[in-house]
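These notes open a run of structures that come right after.
Note that chain A is present in both complexes that follow, paired respectively with chain B and with chain C.
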Partner chain A sequence: MQRARTRWHIAVFLAPAVLVYTAIMIFPLFNTLRLALYSKVDQERIYVGLDNFRTLFFDPFWSEQFWNALGNNFWFFIVHMLVQNPIGVALAAILSHPRLRFAALYRSAIFIPTILSFVIVGFAWKLILSPIWGIAPSMLDFVGLKSLFSPWLGKEEYALTTLALISVWQFVGIPMMLIYAALLSIPEEIIEAGEVDGITGISAFWKIKLPLILPSIGIISILTFVGNFNAFDLIYAAQGALAGPDFSTDILGTFMYRTFFGFQLQLGDPHMGSAIASGMFAIILLGVCIYLFGIQTRMRRYQM
Partner chain B sequence: MNKARTNPFNTTAMHGALILYTLIALFPVFVILINSFKTRKAIFREPLALPDAESFSMIGYQTVMKQGDFFLYFQNSMIVTVATLFFVLLFGAMAAFALAEYRFKGNTLMGLYLALGIMIPIRIGTVAILEMMVAGGLVNTLWALILVYTAQGLPLAVFILSEFMRQVSDDLKNAARVDGLSEYAIFFQLVLPLVRPAMATVAVFNMIPIWNDLWFPLILAPAEETKTLTLGSQVFIGQFVTDWNAVLSALSMAILPVLILYVIFSRQLIRGLTSGAVK
Partner chain C sequence: MTRNTIKLALLSTALTATGAMAQDVTLTIESWRNDDLVLWQDKIIPAFEAEHPGIKVNFTPSAPAEYNAVLNSKLDAGSAGDIITCRPFDASLALFEAGHLADLDDMDAMSNFSDVAKSAWQTDDGAATFCVPMASVIHGFIYNKDAFAELGVDVPNTEDEFFAVLEAFKEDGTYIPMAMGTNDQWEAATMGYNNIGPNYWKGEEGRRALIAGEQKLTDAAWTAPYATLAKWGDYLGDGYEAQTYPDSQNLFTLGRAAIYPAGSWEISGFNAQADFEMGAFKPPVQNAGDTCYISDHTDIGIGMNAATDNPEAAKTFLAWVGSPEFAVIFGNALPGFFPLSKEPVELSDPLAKEIVGWRGECESTIRSTYQILSRGTPNLENETWGASVAAIKGTSSPEELGAELQTGLASWYEPQQ
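Now for the complex of A and B:
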């Protein structure tokens, strides 16, 4: 009898969240994909099919910028994977050591950059690396390496890597925390069993703990991927919408912003902006799918 | 018991590595903060020295107070963050309760639908969001930001909260039903208080990205009266690039509120991150 009644309260509980989420997130997402198929001619919106994508990929003016931004974005991601995640894992491994004193203090301090906004981080590093202020050169001088200094953010060949490293500095806290949690959840018996077999210290990390935390490393990789391909703020705060010098730090986020809003002589074009957003969507979706179906299902999970 | 695990050399090396990294993490923040209290001359002459009687100066802060409306920006950020958290927690908990408590057709599908947004960034839809906000007359209002951040925060909130709500004992709820409590009363009076720790975790996770976001304030609410602290300091610093005192002070003023929030909530945040709330 109870079952037969329409249970209105379920709808009432679900409605607000589903409505807001659908209206502000899902609907605009698909609408953006749709807008990418239109163009504005004489103040009127007309359907042009895949023309915008053709322009984006094959028109020399657009495609050069697009591939530049995409390539830069990949480099940005690779730097994160090669620097941020290993440092995060190493810090977590040290922190999770039993009987380490002040662990909580180190943990909280190392996490501080992560809570700061990109604007603060971007400007703070810009000032520190600035040749005018001279903090970076005088510190390098202190260790006798002054000759290595150059205005990194202003040089085409170094600017992108420098920004990627600044972003790494900011976000190391996240892999550190997640790996730390994973390491703590490894039962003591497994480590002790290894000790009985003579596996201790560093080799215990490589042979026992690392295989056990691989799923967490997988999650961190996909989080990094999504975060990097949707990044914008740091580049915008440090180098502006033009992602200078000479577009050498341009990534998909800044490219989309510039296209959408226009800059200097170029007018904003929401339809080309949508086309770039669709490209970003496709890349992120591809990454998430590779992770979900290619990596996560094949990863060996150990029962603990 | 075991030498390898208590070796004093290892301990020293570990502390050395951690201290080194802690210094790298804190150094930029420290440099900005100390120099914001110095005269222009002292900033350039000895950037690493602490301010003393001779070099102490508040000139930067005076400029910031005079030129920028930082209290307004702060207030805007506060309103947006608090209102968003309220909606995310209320709507998120309600939806999570429905998914965790009742068996109905499409339950799993609804859960998956809501979870989609965990992985897909809302920024992809910016073009259409702006168009919608223009049509709805919400551009340059704080409501635009609150709505966007609520939509952005809901997926993870529903996911985490429903995990926790599944752990609330069924006996307790059934006893309340026998006592004649309505489903709404069960949710608000019984379940919500029990999942408070999980709600705190969700709140802390959402707080920082909302407070720090530059993208949506820049696009949806760039007007002077709706600028958030992040956008406000970005614009201010952009205008005062050559006034180092003002720039350093503005940076410090942007750092301070977050730092205070962090000190208050760091336990909650770290517990949330390490309790496996994000699986």
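Now for the complex of A and C:
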């Protein structure tokens, strides 16, 4: 006759992770959501319900900035999806080619920018593209294309795309590595079976490998989405909190920072800032849900 | 018996410990002037500590752009230093109203300052003063004397002469006529709009009328500076759109640009970097003989954290900062930051002396957007940055900019509604 013992060890082993995660992630997250429902009037914090959100979405001054930031964020994301991920997949496909020499060298060289700090990347690219000291104008001059150069980071119409491409340069290593790993895990037998059936070279990639790495591409897309809608560092390092020129590079992260902490003569407003942060949270949650329930569940998986 | 001895020993160590603490108070200063770290450590703090044994002073600056945010967080968390360097106007007023800055009205040293000097750190009704005025900065243009001599052009007094000089440099092509970029945005407003503007809106007269609601940002006096800024774009050199503030400083000190729209705070940095002779001229007036107005902006004050553990030592320090002795050390250690005390301070730096001399020739005013008008959302100062950039780039007309700023201001500021 043995009584079921309380399994203390489960709680003990879970405790450190749960406690730390609660203290530094879950509590701040919910506190931010709570903070968005308050406002400060005459040094008193008062409960205002959804007023902050009403201001954010319906006050012309706030909503204009919000939609501008959201639009810029989508453009930032689209550039990554259209440039970073295809290039990442292509690089991975080339790198996994068995007869490519120095593959390890290329792999490291392409991956290195990913481990650099945003501040270094922002600063280095600002110098490269600087119309005064930069090497970009002199390099273009060298090949006779000086007329193509313009101060990209200072022009409203180019600045955001330029920054998005800088970010692509920095992070193209991530999709490359993930896809590379997925490609390596495809058994040799499948490729050989395909060869027997007459599928070789490029068509082997399109018809055999690509369907097999689609789940990885899905994961990369969602990582890109979350990363881009949380982005802040590169814009702040390169353009400052006002995300110039004329807010053309303002994304939700910089908008939130400026509102929350204040800028120059503008005093910080933690409550409006929290409202924006809650908005960002909702957008990312929505995006991830669409992916999880709309796409991932329908994706076909193959037994390898 | 043994137990008693131990008690006694413990007690005496405790006593000596507290005794040692009472003798050596350490004051920590919060500041955004990280450029001045060496001057504080080598000149100002030793001078104070020599006179006041027992008080140690620590100068702990943070980056200018982050200062307000960092300071607010520290004050809320109770980890801020004893002495707070005060930004002018609303940022400090908000700190005072939140109970973070102590009222300093009862300090004798306050009588060393004029009302205008104190106005940046007072409640709107002038009932309480919470920071000791430390320094102001004056706007104008610094120029490369060698370049001017080379081309044989004279220092401009009127706007027509000013643009003639720029045109001469542009035609010659050796020098970039004027070193300023729009990438960081604030230079366009601070060194552009608020530099030349006072000549249009007649200094204090226009500034006070705007606050009172008698003038509007759509009036000619307030939009005309944008029309002038629009003409600057041609003379700023290639790719000025992406040129940052340090880029402009370097272009000028390397001798590649002839004129630098400046604030006087540049002087010590420029003295160290440039190996040519520099001169300064005040913002050009429209017609010869017009009264000139300069932006003599109250920029730095210093106050006491209301939650400090050492209020006495902090007040001793503030009283010393308010004394003429500090003004002399500070004014000469940091040429370009002009002491605000009533007694004029003799400065040794020629460039600083030239600039501070304008106080006698022109009417002084402060930056138009700083007092009261940047209290609401949208923030007029930040909006002015964007507007000045748009004016220089020519993306909006002066009238459009004026209308846009006026709409923003009127949306929250009653006298303008």
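Couple of notes before you dig in:
Assume the second predicted complex is superposed on the first by the 300 of 304 C-alpha atoms of A that agree within 3 Å, B and C clash if a C-alpha of one lies under 4 Å from a C-alpha of the other, contacts with A are read in each partner's own complex, and residues count from 1 in each chain.
Assume a contact is a pair of C-beta atoms (placed from the backbone, for glycine too) under 8 Å apart; a residue touches a chain by one contact, two chains touch by 3 or more.
Owing to the predicted nature of the structure, the values given are computational and were not obtained by experimental measurement.
Of the two partner chains placed by superposition, A:Val143 touches none, neither chain B nor chain C.
After overlaying the two complexes on the shared chain, residue contacts for A:Glu156 are found with chain C alone; chain B is out of touch. Counting the residues of chain A touched by each of chain B and chain C gives the higher count for B. In the superposition on chain A, A:Asn31 contacts chain B only, with no contact to chain C. When the two complexes are overlaid on their common chain A, residue A:Leu184 makes contact with chain B while staying clear of chain C. Once the two complexes are laid over each other on the shared chain, residue contacts for A:Trp133 go to chain B and to chain C alike.
In the superposed model, A:Ile10 makes contact with chain B only, not with chain C.
In the overlay built on the shared chain, the residue A:Ile46 is in contact with neither chain B nor chain C.
Under the contact criterion defined above, the residues of chain A that touch both chain B in one complex and chain C in the other are 133, 261. Residue ranges of chain C in contact with chain A, taken from their complex: 65, 68-69, 72-73, 89-91, 94, 97-99, 181-186, 237-244, 247, 251, 369-370, 374, 377-379, 381-382, 385-386, 389-390, 393, 395, 408, 411. Residues 7, 9-10, 12-14, 16-18, 20-21, 23-29, 31-32, 35, 87, 90-91, 94-95, 97-100, 102, 104, 106-121, 123-125, 127-128, 133-135, 138, 169, 172, 177-178, 180-181, 184-185, 195, 200-201, 219, 222, 226, 230, 232-233, 236-237, 253, 256, 260-261, 270, 273-274, 277, 280-281, 284-285, 288 of chain A are the ones that touch chain B when the two sit in their complex.
By the touch criterion given at the top, residues 2, 4-6, 10-11, 14-15, 17-19, 21-22, 24-26, 28-29, 31-32, 43-44, 47-48, 87, 90-92, 94-95, 97-99, 102, 104, 110, 114, 116-117, 119-132, 147-148, 150-152, 154-155, 158, 182-184, 187, 208, 211-215, 218-219, 230, 233-234, 237, 244, 247-248, 251, 254-255, 258-259, 261-262, 266, 269-270, 273-276, 278-279 of chain B touch chain A in their complex.
Residues 43, 61-62, 126, 129-133, 137, 150-156, 239-242, 244-247, 261-268 of chain A are the ones that touch chain C when the two sit in their complex.
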